[in-house]
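Pasting the structures here.
Two complexes, one shared chain (chain A), two partners (chain B, chain C).
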Partner chain A sequence: MKTIEGFVLRPLGEEYIVIGEGIAQVDFNRMISMNSTAAYLWRNVEGKEFTVEDLRDLLLEEYEVDPETAAADAAALARKWVEAGIVAE
Partner chain B sequence: MTARDAYLYVLRSALWGEPLSESIPAAQLKEVLSIAKAQSTLPLVCQALLLSPGQELSDSQKVSMQNKLRSTVSLHLRSNHVIALLTASLRARGIDPVLMKGQGVASYYKTPYLRECGDIDLYVGKARYTEACETVAAMAGIEDVPEWSERKKHYNVDVEGVPVELHWTSDLLPKRYDAAYQEYSLDGMTHGLVQKAIDGEVVNTPADSFNAFFIFNHTWHHFVTGGVGLRQFCDWVMLLHAKAGALDLDHIKEILERLDLMDPWQVFGKVAVEHLGLPSEEMPFYNEKSDPRVEQVLDIVFREGNFGHERQELRNRPKNFFVAKVRSLMIHVWRYSKMMSMFGRVATCQFKEMLTGGIRTAAEEFGEK
Partner chain C sequence: MDKKVISNDILFAAVKDLVDEGRPVTIRPKGDSMLPFIHSDRDSVTLERVGGPLSVGDIVLFRYKGKYIMHRIYAIGKDGITLMGDGNLNVMEHCTASDVIGIVTGLTKGNGRWIKPGKARVWRTLKPLRRWLLAIYRRI
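Coming up: the complex of A and B.
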C-alpha cells in the first residue's frame, strides 16, 4: 500500500491531522486526526510503498510493545487509513 | 511585557513557525486570547501556545484551544468545498471566477488551515455578472436576484452555510481614484492569474503584484472606513513574504503613486516589519525613518478590532431613525477627522465618499419608511 499523494501530516496543537493539500486531484473535505504514534508511522511511510509488516516493525523499533500487539495495531491502523481514503492498497 | 506585547510575540511565533522561547504568564493569558479573538487571529495564537513547551496552560484552556483548532480546520474544509463547487458551477456556464483574499491568501501561511476563516469572495467581472449571480443563487435555492447596480460591488448569498460574496469589481474607490483603480483591477483580475488547487478544483487567484496591492488596499480601506483586525495585516505580510523577489515593484509603485497610497503603504509597512516580523528587505518601499503614526495605527487596530467589531461607540444604537443617523454621522466625522489628520488627502477623499454615500443611503431608507 501507499499513502496518496497530496495528503500531508500537519501539527494541530497537541494532535496531528492528515489533510489534503496542494494538488488538484485531491478532492477531500475531511480531516483525519492522528495521535503521536500514528503520526510517527505516517511520517515514516509517507510517499513510500509499505506493508502492514513495515508498520509493525516501526512500532517495535520505537515503542516497548510485544510483537502480537504491534501486529494487531498496525493492521487496524492500515485498515483505518484505507477506509479514510488517505492510503491506497 | 504588556498583554498586547505578549500577544504580538505569540502571533509572530505563529506566523513564522518559531516556538516561543518565553512563557506567557498565566495572569496575562486570558487577555492575550481575548486580543487574539478580537483581531481574528485566535487559531494562530492557540497553535503557537500549544506547540511551545513550558506554557502555563490549564487543562481546560488546552481543551478549549484544541477545540478551536479543530473547528477552524473544519470551517476551512467546508469553505474549500464550497469554493470548488462554486468554481465548477460557474465554469460550467463559461464563467471563470477569481478567488479574492480568504482561502487564496491562506495558502501563503505556514499553517494555511489556521487562518481564521471569513466569507468567500469571488470576482466574476461585469460582462456576465447577472448570469453568475443567478448561477450561485440557484445553488442557494434562491429564485430572484436583485438588479445589478454599479454602486454595489457584490451580491451576498449563503451556499451550504458559507457566506459568499460575488463581485463584479474587486473594489470601488473614491470617485477621484476609481477610474484608475478599475484599470489596474481589470488587469490584475484577468492577466497573470495565479492558480491554486482547492478541494479537487484548480482555482484562479489574482496576479501576484496586483494582489500585493489589493490585499494592502483592502486593509487600508477597512482601516480608514471603520476598523480592521491584524488578520488583514497578517494576510499582507504572508503574501509579501511568499512572493518576495517575484513582485513587479515598478507596477506596484505606479499604482500606489497614482492612487495617493504610497504614504499609508509605508506606514502599514512599518507595522508589518516592526510588529509582525516581516524582514524589512521583503517590504517594498520600506521607509526606515521612525514615524509616530505606526503606533497610532496599531492603537486604533487594537481598540477597534476586526471590522470595528470592538468599537464601543457603535453600541446601543438609538431607536429613533433621525437620532440614530445624526449620532452615527457624528461618530464617523470624529473618526474621519483623526484619519484625515494622519493621512491627509487620501483619507479626506474617503470622508467625502462616506458623506455622499451616507446621505444617499439615509434618503433611501427614509423613503422606504
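Coming up: the complex of A and C.
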C-alpha cells in the first residue's frame, strides 16, 4: 500500500491531524486524527510503498510491545487509513 | 468515524492558522447563542479569511476575553466592532478588527442543504421582540 499524495500531518494540541493540502476546504467534521504512535508510523511511510509488516516492524523498533500485538495494531491501523482514504491498497 | 472532542483553544488555534492561509474551514459550532440561524447540534459553518471590509450583519468568529465566539456584527465604529448572538436577548460583545479570526461564508444545515448567510436585517430590527420570538421558536 501507499500513502496518497497531498495529505500532510499537522500537530493539533498533543495529537495530530491529517489534512489534504491540495484540497482548499478543511472540514473539521471529517478530520483524520492521529495519536503520537500513528503519527510516528505515518512519518515513516509517508510517500513510500509499505506493507502491514513494515508498520509492525516500525512499532517493534520504537515500542516495547510483543510481535502479535504489534501485528494486530498495524493491521487495524492500515485498515483505518484505507477506510479514511489517506492510503491506497 | 469516531467523533473526537477537541478543546476550544487547540481547535481555534488550528482554525486560525488555516484561515490565515486562505483556506475555508468547516467546523461545528457549540451553543445556542446564534439560534434560530445556527443549530449547534446539526449545523456546520464554513469560515474564511476576511477579504474586504466587514459590514453590519456579518457573522464572524472573534476572540473575546480569552474565549472564541461566533456572533453577528451589530455596529462598526471608530472604537471597534459591537457584536451580538442572534439567540441572545441583550448581551453584546465588543472587539477590534484584529480580534476577528474569520467570517462565516456558508452554513450547512443538518439535511445537507448549503446556505449563504444573509445580514439578518429583519431579525436585527425585531430585537425588542426577540424574547417572545425565541420563546415561540424554541417551542416549535
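The definition used in the following text is that the second predicted complex is superposed on the first by the 82 of 89 C-alpha atoms of A that agree within 3 Å, B and C clash if a C-alpha of one lies under 4 Å from a C-alpha of the other, contacts with A are read in each partner's own complex, and residues count from 1 in each chain.
In this text, a contact is a pair of C-beta atoms (placed from the backbone, for glycine too) under 8 Å apart; a residue touches a chain by one contact, two chains touch by 3 or more.
Values in this document were obtained by computation on a predicted structure and should not be read as measured data.
Q: After superposing on the shared chain, does chain C or chain B touch more chain A residues?
A: Ranking chain B and chain C by residues of chain A touched puts B first.
Q: Which holds for A:Arg10: it touches chain B only (first), chain C only (second), both, or neither?
A: Touch partners of A:Arg10: chain B and chain C.
Q: May I ask you to decide whether A:Phe28 touches chain B, chain C, both, or neither, giving the answer as first, second, both or neither?
A: Both: A:Phe28 reaches chain B and chain C.
Q: For A:Ala84, using the defined touch cut-off, is the partner it touches chain B, chain C, both, or neither? Pick first, second, both or neither.
A: Only chain C; A:Ala84 stays clear of chain B.
Q: Considering only touches as defined above, state whether A:Gly20 meets chain B (first), chain C (second), both or neither.
A: first
Q: Of the residues on chain A, which ones does chain B touch that chain C also touches?
A: 10, 12-13, 17, 19, 24-31, 33
Q: List the residues on chain A that touch chain B in their complex, please.
A: 10-15, 17, 19-31, 33
Q: Taking the complex as given, what residues does chain C use to touch chain A?
A: 1, 4, 6-7, 10-11, 14-15, 18, 23-28, 44, 46
Q: List the residues on chain A that touch chain C in their complex, please.
A: 10, 12-13, 17, 19, 24-33, 84
Q: Quick check: in the complex, which residue numbers of chain B touch chain A?
A: Of all residues in chain B, those touching chain A are 46-47, 50-51, 62, 65-66, 69-70, 73-74, 77-78, 80-81, 84, 111-113, 197, 199-202.
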